[in-house]
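Labels run A, B and C following the written order; every chain starts at residue 1.
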Amino acid sequence: MPVYQVTTAADLLSDEQRQQIATEVTRIHTSHTGAPELFVNVVFSEVPAGRTFTAGERSQMSFIVGQIREGREIEVRQAMLAELSAMWIEVTGHGDRDLLLAIQENDSRAAMEAGLIFPAPGTEAEWFTENKDKLVALGLVEA
Amino acid sequence: MPVYQVTTAADLLSDEQRQQIATEVTRIHTSHTGAPELFVNVVFSEVPAGRTFTAGERSQMSFIVGQIREGREIEVRQAMLAELSAMWIEVTGHGDRDLLLAIQENDSRAAMEAGLIFPAPGTEAEWFTENKDKLVALGLVEA
Amino acid sequence: MPVYQVTTAADLLSDEQRQQIATEVTRIHTSHTGAPELFVNVVFSEVPAGRTFTAGERSQMSFIVGQIREGREIEVRQAMLAELSAMWIEVTGHGDRDLLLAIQENDSRAAMEAGLIFPAPGTEAEWFTENKDKLVALGLVEA
């Protein structure tokens, strides 16, 4: 965690754009929060054309919804939203007219990766130290 | 925001039913909350048959999950659930036996559309006034 | 509710594994919470290979996200996460290196199944008694 889910109409994005977006989402999240890159997941889902409606009519809306660990200041979350929106325009060439972004919070104590409960925001260094043996064994960090 | 995600088995719904459901979800949300139609998104996702289980056995469950801006009274949310459930029966011809609905709340300060942070519930009019130039330029409201 | 959403790359799981996972998720949730089996839904979604990124690079991450009724002790949620993670290793033969799990809470008052608002955790028996006629009519419980 975080998990950023990007949902678009089918074929809106190319493989290259998906890679660029994943790189940028990871950079934006880690630079604003100090979270380790290893925690940042981006998943791209598609729906067939014609399956998204806005104001009751078929639309071209895309969605970026980030599930992040609870506890980031609202100013941090809003700065990430602004940067994600600007990134979308630059990478896709689409405007921000048809993009909805949301950041949702999840109790870090109720999320797990590699069999380990996530640390609270700001306590990542201690977590890596405590769990170093397992993380090295899994190849997730260097010895 | 809101975003209502409708998840069903593949081919449960026709294009016409999807349009009807989108129209009705939009009407139900705006009439109960006073939110503008422009904010209401409906997305239809499908999973292949046999990918949904209830009580450990394959089921025909469909799901309507609405992510709405935080702060609506519980009575409003429950009235929307009841009306959505009744609408489902009428539009699809299926009963409510295999329909699960949920409304989740998202901090309006942590959601963005058209590059703009959403207003809190009840402050939409001020928001449209403040952001009129951009919204007109995007063609989202009339000049 | 709960709804457990399992998201993987396409073809990671077989039909038999999906059935086993659904059975085990249902057992784990009911044994830790006392919730009735009837409430437990598991949905399997897939994304094409190459659509999941971790630390900015393509990854094989799978996701199990449970939306449960609000109010379970954190110890209960963490015990479920640990057991779900161990179950994943056993059923899939994959390690827990590429599995992210999260449990999210939803206000039980804002969720509905079979046209009925869900009971709060711990009040299921009263709910079944109050709604017995409808539940029997729908074939969801025995007379």
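Keep in mind that, in the parts below, a contact is a pair of C-beta atoms (placed from the backbone, for glycine too) under 8 Å apart; a residue touches a chain by one contact, two chains touch by 3 or more.
Everything numeric in this text was worked out from a predicted model, so none of it was measured.
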Have a look at where chain A meets chain C and say same if over half of the interface residue numbers show up on both copies, different if under half do. different
Cα rotation angle, chain B onto chain C, in degrees to the nearest 5, is 120
Based only on mean CA positions, could you tell me how far chain A sits from chain C in angstrom? 22
Among all residues of chain B, those touching at least two other chains are 45
Chain C to chain B touching residues, read off their complex: 1, 3, 15, 18-19, 22-23, 26-27, 37-38, 40-45, 67, 106-107, 109-115, 117, 138-140
Can you tell me which positions in chain A touch chain B when the two form their complex? 7, 45, 47, 50-59, 61, 63, 65, 74, 77-78, 81-82, 85, 95-97, 99-105
